[in-house]
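Okay, so chain A shows up in both of these, paired with chain B first and chain C after.
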Partner chain A sequence: MRHSTFFWFVLPSALAMFLFIALPIVSVFTQSLHVAHDQVVEEVETCAVFSCTTELRVNAEATAELYEEAPLGKFAGLDNYANRSHLAFDEVSVVWAQASGPGEFFNGIYNLPFYKALTFTLAYTFIVTPLVIIFGFMIAVAVNSLSALVKGPIIFVSLLPMMVTPLIGSLILFWMIDARGILGSTLQYLMGDPSLSLKASSTLTWIMLMVYGVWHSAPFAFVVFYAGLQTVPKDTLESAMIDGASRWQRIRYVVLPYLMPLTLFIALIQLMDNFRVFEPIVGFNAEAHATSLSWAIYNYMNADSKLLNSAATTSMLTIIGVAILLTPVLVRTWRDFNRR
Partner chain B sequence: MSQAADRRSPILVFASISFLLIWLLMASFPFLWTLWGSFKVQGDFFSKADWSYAIFGVRTIAETGAPFTGAGYYGAWVQEEFWRAVINTGVVVVFVVIISLTFGALGGYALSRSNYRYVFWLLMLALIFRAMPHITLVSGYLLPFFEWNLWGHLSTTVIVLVAINQPFTLWMLHSFFQNIPKDLDESAMVDGCTRFQAFRYAIVPVMWPGIVTTGLFSFLLAYNDFAVTALLLTKENQTMVPKIAGFLGSTQTEGNVMFAVASVVSATAPLFVLVIFFQRQIVSGLTAGAVKG
Partner chain C sequence: MLKQILAASVFTLASSVIAQAGCGLSGGDVRILGNEFPAIQAVSQGAMECADDNVTVSANLTKEHRDLQVAAMTANPAEYSVAVVANSSIVPLMNDGLIRPLNELVEKYGDKLKKNQLITIDGKIMAVAFMANAQHLFYRSDILEQAGLEVPTSYEEVIAAAKTIKDKGLMEYPLAGTFKSGWNLGEEFVNMYTGTGADMFKPGSAEVAINNENGIKALNMLKELTSYMNPDFLTYDSNAASAEWEAGNVALMNMWGSRAGPISDDEGSTPEIVAATAFTAAPTLGGGSTPATTLWWDGFTIAANISDEDAEASFRAMMNGVDPSILTDETKGHAVWLIDGFEPGPTAQGVFATANAGAKPYPMLPFGGLLHSAAGAELADFLQGKESAEQALTDIEAAYTTAAKEAGFIK
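Moving on, here comes the complex of A and B:
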């Protein structure tokens, strides 16, 4: 295809991505370098009968004018990144100096909002992703051995947790694990503790969110693995059997290596999707015990006085996180591409 | 494969079947429970006294005289005007699907028919864009949209969702078009068609299976979105998902949780219908990207 034809074909799509994905990243970066204007304060003298007092008042008009002139706010360089809400260099060094061991140091920085969100996001990403792969593979193997008659309905039911809107899915589970909901009261009964509440404990909240994550994403891994299992070369399996390989050995040495590329694909998609974990925290109302980077950004923007600069700074740090996460994949693809 | 290869020990069969049954219960029970519960009053849906109230609707009978009540649905649809959100969602979803597929089909076709190096770079760039958390992009939109008075309109949300959708659509349609033989459009061009005519008359008639599958996923992205719609729309223009989230924040009074339950069920129903009719396309779409690598 000629360059000019290619250009016109790709133009609408590329333009949409440039305007609404590439430029916003520039916009986020610019916003993260600014802070809100100071409010204009003026001295006002009010004279009563006997004495005059001066007091300080905020001049709302003048403040609004400042924003009219420079909507971005005041240029602040990298101050946003260093302040307490983000990388918090001062606070971290204080904690570092005072902490007696790694545990205490970790507890210290966990109280800082950015590190709290980062900890949960990383824990969620790296715990849920492998569990999704393992769980999805187990379902795929189990379904694969059934007769064709029941496969259709089983696949239908299995798809549901993935298709449902994430916020709605988490709400549905949240209502069930409520202390007065069916799962919540069953757990209370099983534990023999009528005051048990999943919402009150940080550990239980984390587990709940991760269970939701696996529930929501396992169908995706299942479907991909299931399709992969249909194409496993039968000849290789049979010759392994003739050589005396047990069922387990056949899975370990024939099926698993064959499915390896699929596993990498699922891992890549899941890492990208789990790193942006957001809706479950809103749905489970879990922000007291677990916050994620995406949730932190949402929270800044949703505040009454929209903290756009803080949101932008956290966004920028999140984008850096995504970049670090993707680097191995990109380097690998780049090598493969050059070899060709 | 021969029957002997599939024969397994009874213990293994039992373990595998019971694992599957547990999974099916996990996957379906929450939906059935919520559907059933949405026709009860709050005292039954959240029942402190006895969990069986939720099944038999003891409080529902006491309060309304019948074991089922549509009060939650009435409250949500009529009193809280959930139908507005439904219409808004409909508008957003229809336009997002149409526009993303138009842009994506043109772009994906070009990417599949060009051998230059920049094709690889464009696809890689799309992959990176695919990884961007949506909420980080939204934080880039807010200030310019406020400044230029673009904030709050359905049309802005539509074009934003189209753009966010493009990386995925491009990848998917790219791999679909690669499966359509090049001879088809090239012979059309030998017969004197321009590239666009070849696309219009040789490719468009055979691309519909791929378009349907990709369209399903565009639909899901637009329908399920919360990050963009929650922050970019005014209250009147809200779509279903942020509207449901709004029920929870502001209304903690007795009975209003049931509005949220009823609207959750209402919003999930179309997805069920979608899975019933398009199960095969969804499965093939999920695997299309994977099997091709």
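Moving on, here comes the complex of A and C:
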């Protein structure tokens, strides 16, 4: 392709990416470098239904003037990144100095909001992603060997978890795993423990969220693998059969290598998806036991605290996290590309 | 059940209805944003009556109103002309100067208002309150009778009563509360800390003052309460706790007064449970004299960024919404109305007893929400037994201070 043709060909999408991806990131980054102006507060008499008191109030006019001059707030450099809500350098060094062993160090770190969210986010990403790939592949292979008659309905049913809106799906499961819900009481019966509650223990909540994650995302992997299976060259499979390869050997030495690029693709998408896990935490009311980076961003933007600069900082750290996660996969894709 | 699932869903349940009638307005556009519960629905219904050929009235009543209001009212012209707020949610609007003083409008059209309905800050009327609310004690008279107990007046007695009820095998988890991690848990902390009589902030400053023996007292009581609660307590909001109550699983709970009506209606529970449900003041803590709870009000505010014509129409429509004529047999039970002519029924007893016992109002401090959020997030570990009360208080203090610095309240 000629360079000018290529240029005009990619111009629309490059422009869209610049407008809708690059610019917002620059904007978020700028906000993460600022904090609010010092509030102009004054003591005024306040009379409400029950009594009158003298309380502190923000002087909205004086504050508005400050923002007129500098709408972004006060420049704070990397303070937002270093403070306790994020990378917490000071607190980490205190924990480091005081901890007597790795366990205590980890507990101290886990007590800080950013690291707590990061721990769950990473655990979720690295446990759910491989399980989704494995289950998706198993379902695809199983469905592929079914007779044409039942294939359609089975595929439809297998796709259901992906069709349900994540928030609704997790809410439905949340009620089912309640101690008085169908799944919750079945588990109590199976375990012989009438006080077992999936919502009360952090470990069980983590497992529940991850099971939900696999349940929700496995259909995606299944669909991709199933499509891939339709294109596996029949001749290679047949020659393997003639050579006496068992079903397992055919999958291991023919199908799997053939589907490797697809696996990489699913891994890439799932790493990104799982790293921004959010809806199940809200749906399962799980924030007491598990928080994620995306949940933290949402939490900073709620009405009571509305810390937009913290939300921006966590967003930047999330983007950096995604970039680090994807690097190995991207490097590998790049190498494959160059080899060709 | 379906009702509860719907109510519990974090989805925006928006309703928008246009009514036909009119109440003498010459023109204008009234757009109401507010929380969603029966009392506010009744008020917005009253305001809707003002709609006619020249006046449009629409309402968006949703649980997510607090997350919408600042952005929606910062726009010029504002997306909503009326925001229905409470003590806490008026603060972000005032911080940003998004609502207008109502003195002139009250003078012209507010002859039916009582003085205590006017929320006055530095001489400026910023909101008109129409109902009061507070968390107070709900109790099951039949269970207390079976256990041979008096109605508890302090949290120490609540614990003793819970122990007796449990020991006698009447109930496994006799207590409930709104302990869901986040805003609800933060509210429990603010209530309990208020019960110690101490202030949460150093006087005249934004520096927090909870990391002391009062804080420890409050935290220990919260934890003791949870030991008599369903182990899922960190997922319980008002809806879930009310459902437990209606299912007959709970004998004592500190719950919002606005839930007394819905719990006493003929839906969702058995007549026996409803008949035995009674309300009284919130308990005190550690021999304190005032109840360990905070008083709340709900009222309406008028946006700053709208035309004077719309503001006047909005005010008059809302005056129609809080007119004494909206008090019917049905709506009387919805809330503790501050509207002239309201006579408290049985479901209003708890809030009245709490207010009469001298409970303090929830502070309308500009940085109050930051402490509320910090407590709501940091207390979960303590209540699960993962850290000490001292550590939890230190965490709350550190989280609050970090947030207050970012928000510009602490240098």
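Throughout what follows, the second predicted complex is superposed on the first by the 279 of 340 C-alpha atoms of A that agree within 3 Å, B and C clash if a C-alpha of one lies under 4 Å from a C-alpha of the other, contacts with A are read in each partner's own complex, and residues count from 1 in each chain.
Definition applied: a residue touches a chain if its C-beta (ideal position, glycine included) is under 8 Å from a C-beta of that chain, and two chains touch if they have at least 3 such contacts.
Remember, predicted model here, so these are calculated numbers, not experimental data.
*Asks:* Classify the contacts of A:326 with the two partner chains as first (chain B alone), second (chain C alone), both, or neither.
*Replies:* After superposition on chain A, A:326 lies in contact with chain B alone.
*Asks:* Using the superposition described at the top, determine whether chain B or chain C touches more residues of chain A.
*Replies:* Partner with more touched residues of chain A: B.
*Asks:* Contact-wise, after the overlay, does A:304 reach chain B, chain C, both or neither (first, second, both, neither)?
*Replies:* Second partner only.
*Asks:* Contacts for A:167 in the overlay, against chain B (first) and chain C (second): which applies, first, second, both or neither?
*Replies:* Once the two structures are laid over each other on A, A:167 reaches both partners.
*Asks:* After superposition on the shared chain, which partner residues are touched by A:82: those of chain B (first), chain C (second), both, or neither?
*Replies:* After superposition on chain A, A:82 lies in contact with neither partner.
*Asks:* Is A:38 touching anything from chain B or chain C once the two structures are fitted on A? First, second, both or neither.
*Replies:* Touch status of A:38: second partner only.
*Asks:* Once chain A of both complexes is superposed, is A:60 in touch with chain B (first), chain C (second), both, or neither?
*Replies:* second
*Asks:* Considering only touches as defined above, state whether A:20 meets chain B (first), chain C (second), both or neither.
*Replies:* first
*Asks:* Once the structures are superposed on A, label A:200 by its partner contacts, choosing first (chain B), second (chain C), both or neither.
*Replies:* second
*Asks:* In the superposed arrangement, does A:282 touch chain B (first), chain C (second), both or neither?
*Replies:* In the superposed model, A:282 contacts both chain B and chain C.
*Asks:* Starting from the residues of chain A touching chain B, keep only those that also touch chain C in the other complex, and list them.
*Replies:* In chain A, positions 167, 171, 175, 178-179, 282, 285, 301-302, 306 sit in both the chain B and chain C interfaces.
*Asks:* Name, in rising order, each residue of chain A that touches chain C in their complex.
*Replies:* Within the complex, chain A touches chain C at residues 35-39, 41, 43-51, 55-58, 60-61, 63-64, 73-74, 80, 83-85, 91, 111, 113, 167, 171, 175, 178-179, 195, 197, 199-200, 202, 282-289, 299, 301-307, 309-310.
*Asks:* Which positions of chain B touch chain A when the two form their complex?
*Replies:* The contact residues of chain B facing chain A are 1-2, 5-6, 8, 12-13, 16-17, 19-20, 23-24, 26-28, 30-31, 33-34, 37, 45-48, 51, 54, 102-104, 106-107, 109-111, 113-114, 116, 120, 122, 124-144, 146-147, 159-160, 162-164, 166-167, 169-170, 195-196, 199, 220, 223-224, 226-227, 230-231, 241, 244-245, 248, 257, 260-261, 264, 267-268, 271-272, 274-276, 279, 282-283, 286-287, 289-291, 293.
*Asks:* For the complex, give me every residue of chain A touching chain B.
*Replies:* Per the stated touch rule, the residues are 1-3, 5-6, 9-10, 12-14, 16-17, 19-28, 31, 71-72, 138-139, 141-143, 145-146, 152, 154-161, 163-169, 171-173, 175-176, 178-182, 185-186, 215, 219-220, 223-224, 226-228, 231, 234, 237-238, 241, 247, 261-262, 265-266, 272, 275-276, 278-279, 282, 285, 293-294, 297-298, 300-302, 306, 308, 311-312, 314-316, 318-319, 322, 325-326, 329-330, 333, 337.
*Asks:* Sort out for me which residues of chain C touch chain A in the complex.
*Replies:* 5, 8-11, 66-67, 69-70, 87-89, 92, 94-97, 116-123, 129, 132, 180-183, 186, 204-206, 230-235, 237, 295, 297, 338, 355, 360-361, 363-367, 369-370, 372-374, 377, 380-381, 384, 387, 391, 395, 398-399, 402-403, 405-409, 411
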